[in-house]
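Below are two complexes that have chain A in common, paired first with chain B and then with chain C.
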Partner chain A sequence: MKISHLRLGVKAFIEDWILFPLSVIVHNVKALVGFIILLFYIAMATIGPHVVPYPRSFTCPPYLPPTIFRWPPSLEHPLGCDYIGTDIWAQIVWGSTTVLEIAFIAGIVTTLVGIAVGMIAGFLGGKVDAVLMAITDVVMTIPGLPLLIVLASVIRTSSPLVVGLMLSITAWAGLARAIRSQVLSLKYREFVEAAKALGMPTWHIVFREIMPNLMSFVAINFIFATVGAIYGSVGLYFLGVLPFTAFNWGIMLNMAFRQAGALYSLHTIHYLLAPIFAIIGLQIGLILFSYAIDEIFNPRLRARA
Partner chain B sequence: MRWIVRRAIIAFLTVFTAMTLSFFVIKAMPGDPIDALAQAFVRQYYMSYEEAYRLALAAAPFVPKGPVWKQYVEYMTKFFRGDLGVSISFSTGKKVAEILADAIPWTVLVVATSLVISFLMGIVIGMVMAYKHGSKLDSSLIVAFSILRSIPEYIVAILLLWILAFQMGLFPTGGRYDYWALELLKKGDVLAFLGNVLWHAALPILTWIITHISGWALAMRGSTIGVLGEDFITYAKVRGLPSRRIVIKYVGKNAILPLFTSFMLSLGFMFGGSIFIEFIFSYQGVGWVLYQSITQRDWYLMLGAFNIIIIAVVLGALLADMLYGFLDPRIRRGGTT
Partner chain C sequence: MIWLGLGRYIVFRGFNALLVLFVALLISVILFADLETKELETRVYEQVQNYARGLRGLPPEEVNRRVEEYRQWLIKVYGLDQPLYIRAFKYLARALTLDFGEARQRYPAYGATADVRSILLTALGRTVLLFTTAQIIVIVIGIFLGLYAAYRSGSIFDRFLSVFALVTYSMPMYWLGMLMILLFAYELGIFPSRSWEYVPEDVKASPFSLFVWYLWHMALPLMTIILVSFGGLAWIVRNIAISTMQEDFVMVAHAKGLRSRDVLYKHVLRAISPPVVTMSAFAIIGSFFGAIISEVVFQWPGMGRLYYTALQNSDTPVVMGVTYLSIMLIVVTKFLLDIIYGFLDPRIKVSG
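Coming up: the complex of A and B.
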């Protein structure tokens, strides 16, 4: 009896959270392209470092042009080499791990803090609301990028966890405000009133009645937070305020822009263009994928399916 | 009126809290400004470290001393009297207020010009998208704009600098103006100088426009679609008003209103965001000064630039709220809130 119950639960879970989203993605061309791009990046970040050798200096001719565009194409140094003879493709692959880790951590933390603050403020109201919103206003006022640069030089770490947390410090405030106003508009709707009248506990009202209506909003904002974290972390590395101990596309940008003088001549430009295309590709993948989010999480659309 | 006073008090408290927070965060930065200065001398003038350190020590009278809370009280009281302290690194001993006064107009020039241009262009494009919503043009512009919005401005800036400045030579590769233009100004040729200034500001402005136009267009599209569904538009059409008048006076005016707050807020935020662009184009505005002050551990200069940005953001929000009250008749006549 219990086992069949569990099996039913698992089946429902697979249908709701794997098969249904996949069918949405397959039927939406934009989302499908985004999904494939994201899969490629995730594979690069997880499997990549086990397949592609660690990028070492002085292992190929400096400024070797990309061999993949040569005839016949070769995969030895597909994207060519940088100014001290390091394979560029290997740097892109090894850099993708930290970029994605930072983006994911910052996205999760930003979204969770935003939800928590916005929900508590909107749901409890009164003094709690006033205090939380005052804090939110101050956080929104502090100039984000300059503060990040100062924090980066205070903490001086390249641990993805810490960098991700750092990026969340100023990022959650906007989401918290938006969630709060969403909660305020949902709080007095009939279905919430009905749940209250039925004597449902607060956790039920919050997680079963209000949350499902916010899910698509939250998921979209998670993607935006990730996009913002990629912008921030790569930018901090580009400015050179984070220590250059790990691989990151921002470090490549910095090296190409400042040290290698890639801007001056055409035969060095591939070193600058490689991280640029890597970043733009990832952002495009995330944005295109976000087109499926509304359909996946919207409770009314779900009911129809 | 009471509402405005209350709003102003909250704004002041926000500025005060944000300033206090940034003071203590900046004070927690490791690194000795004298050491940072000495290392800069070593790099710049190729002197030995001992020599550079002795030179840097000359800046010692300007390095703040004593317990942090005492420095805090001293800084805040002086700040509100208009004394922002002196710079440690930037031509040592120069007043922070002077350095900032020299940098701010340049950032304002770039930021305000690009904000106005991208806002106007975004509004026109957004309205066209809204009028054609559901069409192929609309849906492809939505995708194009949401992707464009996610591309970091430092990437756009690097690409523009590479293509238009280094490869094609159409624009200068950095700086605020050329020295020969300054000579022309001294001779009284103001137009030539202004032309040179605009020529240098062109790429930073273009970068901002490219990265910001999409946000305005998408926001205006959404806002216009909302207005188009309102009854007073249908009524205006029924009354047989000329469609030009409806588009501009009825739809346009009402759709722009909600965007107004973010327009005012953007000005302050773009100040803080100008670090990347001014760094890439070596454009000596507030962002450039802020970046230099952080790498040099020049506390007072850093604090000064931070606080100017904080005040700009809060003032922008305050002005937006007040003007919004005057512009929106519903709030103007509603009175009490």
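Coming up: the complex of A and C.
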């Protein structure tokens, strides 16, 4: 009896959270493209470093003066080499791990803090709401990038976890405000009133009645928080305020701009283009994927399917 | 009765704004006070070393006594004997009267003065010249194209705009800037690679040549900012406009027999103006502070680069000045927008 129950539960779970989203994605061309792009990036960050050899300097054919690196892309080095003879494709692959880690951590933390603050403020109201919204206002007012630069110069670490946490310090405020206003508009709807009248506990009302209606909003904001974190981390690395310990696309941009003088000649443009196409590709993949999220999470659309 | 409500609303909002201003400033003062302390301690150490060097030849006890006296005096002068929060409050009190003190070092690109206020004004002027001009152009283009795309939603233009917005939104401004410099400055040689140079005397002679000179120098950063920003704005305007067009009053306007152009410009534009005005106001205020990375790339000596240079040299008076100005402007803008909404929307007065 119990085992069949469990089997039913597993089946429902697979149908709800794997088959149904997949069918939505397959039917939505934009989302499908985004999904494939994201799969590619995830594969690059996880399997990539085991497949592509570590980017060592001076592995490319010998070249003339170090500032002029005129090695066009070839089969052996698909994206060419940089100014000290390091394979650029290998750098992109090895750099993708930290970029994705930072972006993912920052996205998760930003979203969780935003949901928690917005939900509590919107649901409890009164003095708690006033205090939380005052804090949110203050956080929204403090300029973001300068704060990050100061923090980065004080903390001086490149650990993805810490950088991700740092990036979410200023990012959660906007989301918290948006969640709060969503909660306020849902709080007095009939189905919430009905749950209250039935004597349902608060956790049930919050997680079973209000949360599902916010899920698509939250998921889209998670994606935008991730996109913002990618910008933020690459920008910090580009400015050189975070220590250069591992490979990162922002570090590559910084090297192209400051060390290799990639601005001065079209012969070296591949060094400038490679990291940025990696970034733009990832952003576009995330945004395209977000087009399907509303369909996946919106309970009204789900019921129809 | 209504006016009383509005008065109360304004007082409430004003109090709220002051509170936010105060707390945000306090936090940034405390944040930078740590940097400031380290900087001051280094200075005390250096000056004591210099002083001790001048005392050579005296007996060692005498030297030690004098050096210690001098050190105590320096610590008092720099205010290091007071606890952090007292220094923070003192700074706050001075900053509220727009007295930011003296910069620790000279910034030749911002006039060779140490007065932080005049450095800030110079930087602000240049950033407004570039970024605010660009932002205004972006807003005009964005609203116009967004409305047009909403009017012809589903057309090829509309689809093209979505893709364009998606691509430019994912593109860091500084990177497009680097590409533009590479292409137009170094390869084609049309525009200068440094966007800011001292104006030669013969150009200053006539206003027209000065204008052309500035336009020629600002062309690359202007094009970059506009290209990166207008797509996203147009896309947002399009989405707001499309959801407004499905509302009843627009249908009524159509049913009355108004021409669709009149419906678009007279009814839809008015209905979407509050969110669009808010967005534009914050975009313009945001443009006062430039973009740190883009200013570094274009070598444009505005607010962003000043902030960056000052942060790198831990020049706290300048850093605090910029931070203060930015927090102040955001809070004031929010307050003004709140009041404008209070006038426009009668519902707010009641709930506020």
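Note that the second predicted complex is superposed on the first by the 290 of 305 C-alpha atoms of A that agree within 3 Å, B and C clash if a C-alpha of one lies under 4 Å from a C-alpha of the other, contacts with A are read in each partner's own complex, and residues count from 1 in each chain.
In this section, contacts are C-beta pairs under 8 Å (C-beta built on N, C-alpha and C of every residue); 3 or more make two chains touch, one makes a residue touch a chain.
Computed from a predicted structure; not experimentally measured.
On the shared subunit chain A, the superposed partners chain B and chain C overlap sterically. Judged by the touch definition given at the top, the superposed model places A:Gly144 against chain B, while chain C stays out of reach.
Using the contact criterion defined above for the overlaid structures, shared-chain residue A:Phe238 touches chain B and also reaches chain C. By the document's definition of touching, both partners, chain B and chain C, reach A:Ile279. In the overlay built on the shared chain, the residue A:Ile269 is in contact with chain B and with chain C. In the superposition on chain A, A:Ser4 makes contact with neither chain B nor chain C.
When the shared chain is aligned, chain B comes close enough to touch A:Arg156, but chain C does not.
Shared contact residues of chain A with chain B and chain C: 134, 137-138, 141-143, 145-147, 149-150, 153-154, 227, 231, 234-235, 238-239, 253, 257, 262-264, 266, 269, 272, 276, 279-280, 283-284, 287-288.
Put simply, chain B touches chain A in their complex at residues 10, 13-15, 17-18, 21-22, 25-26, 28-31, 143, 146-147, 150-152, 154-155, 158-159, 161-162, 166-167, 173, 269, 271-273, 275-276, 279-280, 290-291, 294-295, 302, 305-306, 309-310, 313-314, 317. The touching residues of chain A, counted against chain C in their complex, run 134, 137-138, 141-143, 145-147, 149-150, 153-154, 227, 231, 234-235, 238-239, 253, 257, 262-266, 269, 272, 276, 279-280, 283-284, 287-288. Against chain B, in their complex, chain A makes its touches with residues 30, 134, 137-138, 141-147, 149-151, 153-154, 156, 227, 231, 234-235, 238-239, 241, 253, 257, 262-264, 266, 269, 272, 276, 279-280, 283-284, 286-288, 290.
Residues 16, 19-21, 23-24, 27-28, 31-32, 34-35, 166-167, 169-172, 174-175, 178-179, 181-183, 186-187, 193, 289, 292-293, 296-297, 307-308, 311, 319, 322-323, 326-327, 330-331 of chain C touch chain A in their complex.
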